[in-house]
Amino acid sequence: MMNKLLLGRFIPGHSLVHRLDPRSKLLLSFYYIGIIFLANNWQTYLVLFLFTILAVRLSEIKMSFFIRGVRPLIWLILFTVLLQVFFTRGGTTYWSWGPIVLSQFGIVNGIYIFMRFVLIIFMSTLLTLTTPPLSLADAIEAILKPLRVVHFPVYEVALMLSIALRFVPTLMDETEKIMNAQRARGVDFGEGNLFQQMRAVVPLLIPLFVSSFNRAEDLATAMEARGYQGGEGRSKYRVLVWHAIDSWSVVGFAILTVILIWLRA
Amino acid sequence: MDITFKDVDYTYQAGTPFESQALHDINLTIADHSFTAIIGHTGSGKSTLVQHLNALLKPTSGTVTIGERKITPETNNKHLKPLRQKVGMVFQFPESQLFEETVAKDIAFGPMNFGMSAEDAAKKAAEMLNLVGLPADLLERSPFDLSGGQMRRVAIAGVLAMTPEVLVLDEPTAGLDPAGRREIMGMVTQLHEKQHLTVILITHHMEDVASYADHVVVMEHGTIAKVGKPSDVFQDVAWLQERQLGVPETTEFAARLQKQGFHFDRLPLTEVELAAALLPQLPREAVQPHDE
Amino acid sequence: MTDVTKIIEVEHLNFRYPQTEGRPALNDVNLTIEQGEWVAIIGHNGSGKSTLAKSLDGLLPLTPDSGTIRVAGITLSEDNVWNIRRQIGMVFQNPDNQFVGATVEDDVAFGLENIGLPREEMLTRVHAALKRVRMLEFADREPARLSGGQKQRVAIAGIIALQPQIIILDESTSMLDPTGRIEVLETVRELKEQANLTVISITHDIDEAANANRIIILDDGEIKESGTPAEIFQYGERLIELGLDVPYAERLKAALRRQNLVVPQQYLTEEGLVDWLWTLHSKM
């Protein structure tokens, strides 16, 4: 079950993309999702496609990882694409049945939507595959920093985020351990009707809650013993450094934007 | 119920970029009613190995035969219940599996999953609580109000309530104080001797291996490095120490004495055996009959 | 500052957990620990060992009538509890539940960040601390990829980076495998030598207790005995009730006694027992 969760799985490396500052990676990924909506003809989609392939190549990560990222969402994508294909009218109509039509525009739109999904997934997969979750948390903290003016507890939220991330593998192990223990006592997870499946979750969730609360209590004591008194007055060990390649990436995205605007219909 | 591993390999996340081989070339027979200890470092594959005993894991290749039941890579995940009922599994820190409102309900949970009536399961719960040495007035208490040691026994009772023929225990005494450790090991011995359960014990305590097991399996890097009777396996003190696996204190002590010039035909495993072997090598006048 | 060689002084310490009936967790505990001493506190589960350890670090809600605790000359109160915590480093039982940072170096830095140390100084201290516990090469590892013993060594690095005077090991080795246990004990022993640390170890582990200069036995929240390992180990079989195993030499002596051999009454180390047996043997 957990093996399929490729989303958010970091692959260590030293490629150009790995070395980018997480702040620039995070912001540029969001920016990319924004400019995808500029594309509206085959030329613009082709440019975006080539740009994405270039980014993937620069990360030195195998293509198969990215295709895996698409797989869990394939039904959602197909559903949306078919919706577009069958309910868009315009151009030559090839076939129709009641409200359902198969038109030229529909097919083209379907292809565009599919491209849009794949490009967004590739780019966000690229972000999570090349950025350790912790660096992402750092980036989020840096981006949220201005909110301190309105007394938003940025430090606390950042620490919470980093602790949460740090405990993800621990809790996944724990979940698997408890599932195994209950399986050994005759529980069938993922079998039977909905009611039976829901009932099977109880012997998993209760121990998981109990153990998480115990951990939280232990962790609070340990943090207190190590002198944690809240966010104020703390210094920071991790710092983010903006390099030349970050500036160059921004330039690259700016050029892409210009090309898209120029080529779009 | 004999258990046989034939050419078993196991790979975690096989076929993904994260795959890692945990077991290879496992060939092993565990006889009915035996007491087998499995030793080895953390990460040597002990826990992976025992999870094959009730098909929580299926071999990536090879066959595991448990009594009549054959488990192969192709085995369907359904209809494993009869097997899971026969092989009781006590995981490390088993108290983390408790979840019911009362001790009685938690112990009854397993047997009821295997089709026992609520009434019979309640009776069974009372019986099992007694078997693990806890007083009957705990039955209606919440398992979360108990002490750590008591919680562990309740968890073990919950496994025993399924009336398994094979009991697998993964470091059942981890984190307990010496008194608690003795009690748990005493209980396991009782189950083996009186209820005739086949016991498979993962442990780091070589004393326990020496005192209780009739068979020992040494795991190293995902495969079986040595297998035999404890009295044979522990003879090779140097081999075990090289691998930092430890030997029973008596055996280590006897090896030291041997270097000093004492003589042993075979290195003893327990202090009683050692004392008996030392006596003829000490002067008569040092021995005084007690007038007790 | 009072007498500096007395690093910990506990007088008439009483504590009862809120909302509990029956006997208190700690009952009139009096205790003095010298600087540079290694004290093992033993006792069966529920004897109050961990409560005592936590109270020293101001981690329990103590009331004014609880008694007094002085650490390095400072009397524990609400105002200076943070000063006291800077003198004491605690390593807890569960390696996972005290690992705050997302990687090894982040975790070591956590305590330093809390005192607002400048980053330059942090880098030096984190590096030095990791080197001393031999975890430098794991600096960028995540906790999920470390063994229990390694995690505990990281916890120790996090402590020594803060340069405290006292380390409290609160059953820090009880969840580790034998290799991990040895790793952790070796590390603490080395550090104690180098920095003249005071070590208080709460333990069931006989080897850990044998390392100590002094063993204190706690029972039902009261101090029952205090003595050198040799003095305490003479208790033989009784040690089990007190929360400790019987040392091997004592067990063998008991087995020999059952064979009617006349064995020395006083405690012998294993070394001592080998010598004694050998001397006897050579008289044949």
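A, B and C are the chain letters, set down in written order, and residue numbers restart from 1 in every chain.
To be clear about the criterion, contacts are C-beta pairs under 8 Å (C-beta built on N, C-alpha and C of every residue); 3 or more make two chains touch, one makes a residue touch a chain.
Model, not experiment: these values are computed from the prediction.
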Overall pattern in which the protein chains touch one another (line/ring/star/complete/other): complete
Most distant chain from chain C by Cα centroid: A
Cα-centroid distance, chain A relative to chain C, in whole angstrom: 44
Chain centre separation in whole Å, for chain C relative to chain B (CA means): 30
Chain B residues counted as touching two or more neighbouring chains: none
Touching residues on chain C, where the partner in the complex is chain B: 44-46, 93, 147-148, 174-175, 177-180, 204, 239-241, 243-245, 248, 251-252, 254-256, 258-262, 270, 274, 277-278, 280-281, 283-284
Residue ranges of chain C touching chain A (in the complex, touch as defined): 54, 57, 59, 82, 85-86, 88-90, 92, 94, 96-103, 105-106, 109-119, 122, 126, 142-144, 158, 162
Contact set on chain A toward chain C in their complex: 132-134, 137, 162-163, 165-166, 169-170, 173, 214-215, 218-219, 221-229, 233-239
Residues of chain A that touch chain B when the two form their complex: 3, 62, 64-65, 174, 177-178, 180-188, 191, 202-203, 206-207, 210-211
Residues of chain B defined as touching chain A within the complex: 13, 16-18, 51, 54, 56, 78, 81, 84-85, 87-89, 91, 94, 96-99, 109-110, 113-114, 144, 158-159, 162
